[in-house]
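So, here's a batch of structures to check.
Both of the next two complexes hold subunit A, though its partner changes from subunit B to subunit C.
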Partner chain A sequence: MNIATFASKRFLVPVVLVLIVVLLATAPLYTALGTIPLMTTILMYIILAVSWTMFSGPTGYISLASAAFFGCGIYASALLFERGAALLPLPAVIVMGGLAASCFAIIVGLATLRLRGIYFTMFSFGLLELARRLFQYYEFYVTGVRGRYVGNVDGNTVYYIMLAILVATLLTVYFIRRSRLGLAMQGIGKNEEAAAHMGVNTTKVKVLTFALSAFFMGATGAIVATRWLYVDPTIAFNLNYSFLPLLMAIVGGVGQPYGPVVGGFAFAYLRHVLQSKTPYYFMLVFGAIMVLVILFLPGGLASLIERGRHRLGGLMSKLWKGDQAEQHADT
Partner chain B sequence: MPILEGQGVTKYFGGLAAVSHVDFHVDQGEILGLIGPNGAGKTTLFNLISGAIPFKSGGIRFKGQKLNGLKPYQICRRGVARTFQETKIFADMPVFQNVLMAAFFGTPTRISGADAAREVTQALEFVGLSAMNETPVQDLTLVNQKRVEVARALATKPELLLLDELMAGLNSTEISEAMELVTKIRDDGITIFMVEHVMKAIMGICERIMVLHHGEKIAEGTCQEIACNKTVIEVYLGEEAHAGS
Partner chain C sequence: MIGFIPKIIFNGILTGGIYALVAMGFTLQYGVARVLNLAHGEFIMFAAFSTLSLYVLFGINPLLSLAIVALGFWIIGFLLHSTLFRKLLKSSPSLGAFESSSLLAAFGLLFVIQATAKIIWPGLPWRVTFLAYPIRILGVQVMANQVVALSFAIGIALAFYFFLMRTRMGKAIRAAAEDRATAGFMGINTDRVLALCFGLGAALAGFAGVLYSMCYSVSTNMGMNYTLIAMIVVVLGGLGSVPGAFIGGLILGIISEILNWTQPLFAMPAFYVIFIILLLVRPTGIMGKS
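After this line comes the complex of A and B, so read on.
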């Protein structure tokens, strides 16, 4: 087999991906103590970045509602635990968290996705506050509690569920990109009016994919709640989770499907390293990195990888051709 | 028999009547031209027909069915396709992908990927772009971008095609080619309603012409009748003659 073809996307990528998943899945068996919680956190950030990009990447609708969906999942999970025990099997709790976020996304999507550009962004940002206040009102006046204790779930289980959500998210992104739904989303992002006049039901496509991306954020929230043990509306609906997915996606690059994965990983890992050493400078350093990436790598970290891969591909095919030339010379 | 009929179509933008009580009809299989000075309401009328702008007073019927209140995608699926005055292309997508979207979504029934690809190939061949499948549309010349728009419209399998200033910005060779293309589309059984400023094109291929001025229809008839119509000459051709002298 030609080595250059082997190095091409078609064979290498699936093999490497399967390998990575296997490595991640077996990680609890051989990693040092304390690695799994860190990896769980990293996976969480990656899922948030990937699911944000799922909708906002192709359509160009910059959403700041991530924290609202994430919070919906967290709260759904909190409501489904009673005295530390889940009322439903754990996977069902996760799905419920996702569905809660999806339902919220459908309702607000129908109302807000007719807004474009900055107006949509502002409104989606407002949703977070709306959700937080709603839950605060509910807890204060209806149930009379300030917050809730969520049952403790074994660390490895949390890790496996997080990994499963990530794999599901990435598979969804992959299939959307290949499907006509993905084509329609791209059309909406590039010229919504033209897409509509070509028969694309833009509202349906937008609401559907908005809900889909919310599902994964909600599912992640549902499992994260079990790590946090205690949840109240202020904790569940945290502003940071609206901005972080967007920042991670930009740093990673939204043009390539793995861009947000790289961005999420880079952010989470940096956060871990810097926060333990220089807790006050973490955001400063991350901010500086972001500015540098935006200035010098508009395509994100992914564009750096793409460049490297092209060079590698070129080098390999050169070597291969050199080899062939030698063989020809021998005969 | 009219394929498209409008009665008392009216649209106000604030206090300004962009289109005011316009009655019109497009007959099956004809090429109808729509002319008028800048700001006459030509594009607005197209936007009303294609559903880009909603309107309340007046009615538009396509093959006897009301189009009022339908969304652009529904109107497109019923068989009314359009192109835009300012080309609205998906700039960094290849030509093929641009047209593929129309083939996938533009028809009322779901079609398979293979069928869609065949439709796209046909449409691109029809407009003469087969050689440029893979080129990103932003790298094409204006005339070819306009061809992509036409191919895209054709891929939705329309019965009526609205062409909004297809010839604007083209040179005279390109205009002749575009005229040929329009005639060819009509000969394929697609009715054409076109807004145009290029008089040579309008007079050359249209069977009938309708004239708008300040949102009102001021004349309608064959090319001959329109060319001799006093009001039209005054508001439209007169201006041009004056500008030319």
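After this line comes the complex of A and C, so read on.
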């Protein structure tokens, strides 16, 4: 085995990925105080960006409903806590949060995913408002409470659960890309009518992946709720969580599976560094970056990385060949 | 209760008049330029704040700012289209691809405009008092500024409709909306027409914002709400139809006023239910062609 095979994508990528996960998983042991909450937030943004891309990336249906699913998870979690103690084991609460969001996505998806792209976007945009008002109505007239206290969960546990959700999300993305489902989704994105003619049950594919992406958003919401401690419909259903996943995914690039990860990380980290000083300038700059990316870099940051990698690969193989030629000359 | 009915109807028409202007701009930008402008509400918010600043800093009458702001917004819209959206249109493989990418670009603009407004006008909702005294019309007591705003809203909407229907430029716009390629073959400079339309959409948002600031208090977060309302109205009236937007705006204004009177918490969900039913039953709207 020579270096070229070893350095090839097939071996290198899984090894690096496993290393990263191990590093992240052991992070609470050696990082400074205050790093873990920050990392938890970064992971949350990455999950939202990745799960948004899971559905909207290949199909091209731009969803603005992320916050509705995220909020469903938050609220499911809030309802499953009573006087600061979880009614179910914590992992079950997370799964319930995900399932609540999935069920919501299935109902909504069955009704609206027949709609043409632009109508779907408009519809999903209003969904958040509807969900928030429904919960407000429920709390106001049925339960008579303004908001709810969620139990406190140890920060490291929250971090580990967040990491586990991220790994599960990325694995799902990976397996969808390699499956018939992934191909069907790409077909829908390229030409929906042609895909339907070729025997793809387009509504089923769309609703299924919509529900899958909602599951991860809901699960994230369920764990985030335990950090926020207090939740009411206005806090749970915040428009920002519809907008930011899209922003992060587009800036990162939806063509490559790691695009939204890059976008989510860049956004969340820069937000942490800049927001306390200049919150509005930060949003101004990020909005401008998004416009510029759409104009000049349709593949997002990921396409820059790909370009760099190709150039590096070319350079490496040139060096390698040069080395071989020298050896030949010697013998 | 009966005595409230004329007041509800008047307030409904006032709200509806502003909704109509909002939706006409939105529908024009989508119908002709094919940009689903998610930042439309932010344009309205920005116009409302500009009016307040002009009034507070320079003492410029809001009715005069109507012209200043609309002209400024028209220029901004024209430039936005001829730089950003035209380039996107040229580089998009299909109209569907352009609709997605322009939507995303508009989304980026939303952040830029909102953040700019929050930097310039930080803090709580603002309010200006302009013609804030009651007058009586047909036995109903209303605020003078509301009457002025309503008459301007209807006047602007009618003038705009006649511009579209009766002038040469309006004809070119309608031709470009119908079939852009053929309109191009007929000697219409479609690039210019599209930019003009996007500018007109922005100018209509400007009008709506100025009239809004005359009657209500404004906040930097109000934009999103108006984008949502514009969407509901244009789906009600038919996406791309200008008369549909006008009629849809008035209908929604009256519905919203009735709901605000009886069940304020239900106003937005009710809009939304209307929206869902319309999308599922008749996505082309009341005035749209199927």
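In the analysis below, the second predicted complex is superposed on the first by the 323 of 331 C-alpha atoms of A that agree within 3 Å, B and C clash if a C-alpha of one lies under 4 Å from a C-alpha of the other, contacts with A are read in each partner's own complex, and residues count from 1 in each chain.
We adopt the following convention: a contact is a pair of C-beta atoms (placed from the backbone, for glycine too) under 8 Å apart; a residue touches a chain by one contact, two chains touch by 3 or more.
Please read all numbers here as calculations on a predicted model, not as lab measurements.
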In the superposed model on subunit A, is it clash or fit for subunit B and subunit C? fit
Give one of first, second, both or neither to describe whether A:Leu246 is in contact with subunit B, with subunit C, with both, or with none. second
Quick one: is A:Glu193 in contact with subunit B, with subunit C, with both, or with neither? Answer first, second, both or neither. first
Return first, second, both or neither, reflecting whether A:Asn201 touches subunit B, subunit C, both chains, or no partner chain. first
Subunit A residues in contact: does subunit B have more, or subunit C? C
State whether A:Arg180 touches subunit B only (first), subunit C only (second), both chains, or neither. first
After the superposition on A, what does A:Ile62 contact: first (subunit B), second (subunit C), both or neither? second
Look across subunit B and subunit C in the superposition and give the shortest C-alpha distance you find, in Å. 8
Need the overlap of the two footprints on subunit A, from subunit B and from subunit C, as residue ranges. none
Across the complex, what residues on subunit B touch subunit A? 50, 52, 71-73, 76-77, 81-82, 84, 88-93, 97, 100-102, 104-107, 152, 156
Where on subunit C does subunit A make contact in their complex? 30, 36, 38, 84, 87-88, 91, 96, 99-101, 103-105, 107-112, 114-116, 118-119, 224, 227-228, 231-232, 235, 239, 265-266, 268-269, 272, 275-276, 279-280, 283
Over in the complex, which subunit A residues touch subunit C? Could you list them? 60, 62, 111-112, 115-119, 121-123, 125-126, 129-130, 133-134, 136-137, 140, 239, 243, 246-247, 250, 280-284, 286-291, 294-295, 298
For the subunit A and subunit B complex, residues of the former touching the latter: 180, 183-184, 186-187, 190-191, 193-203
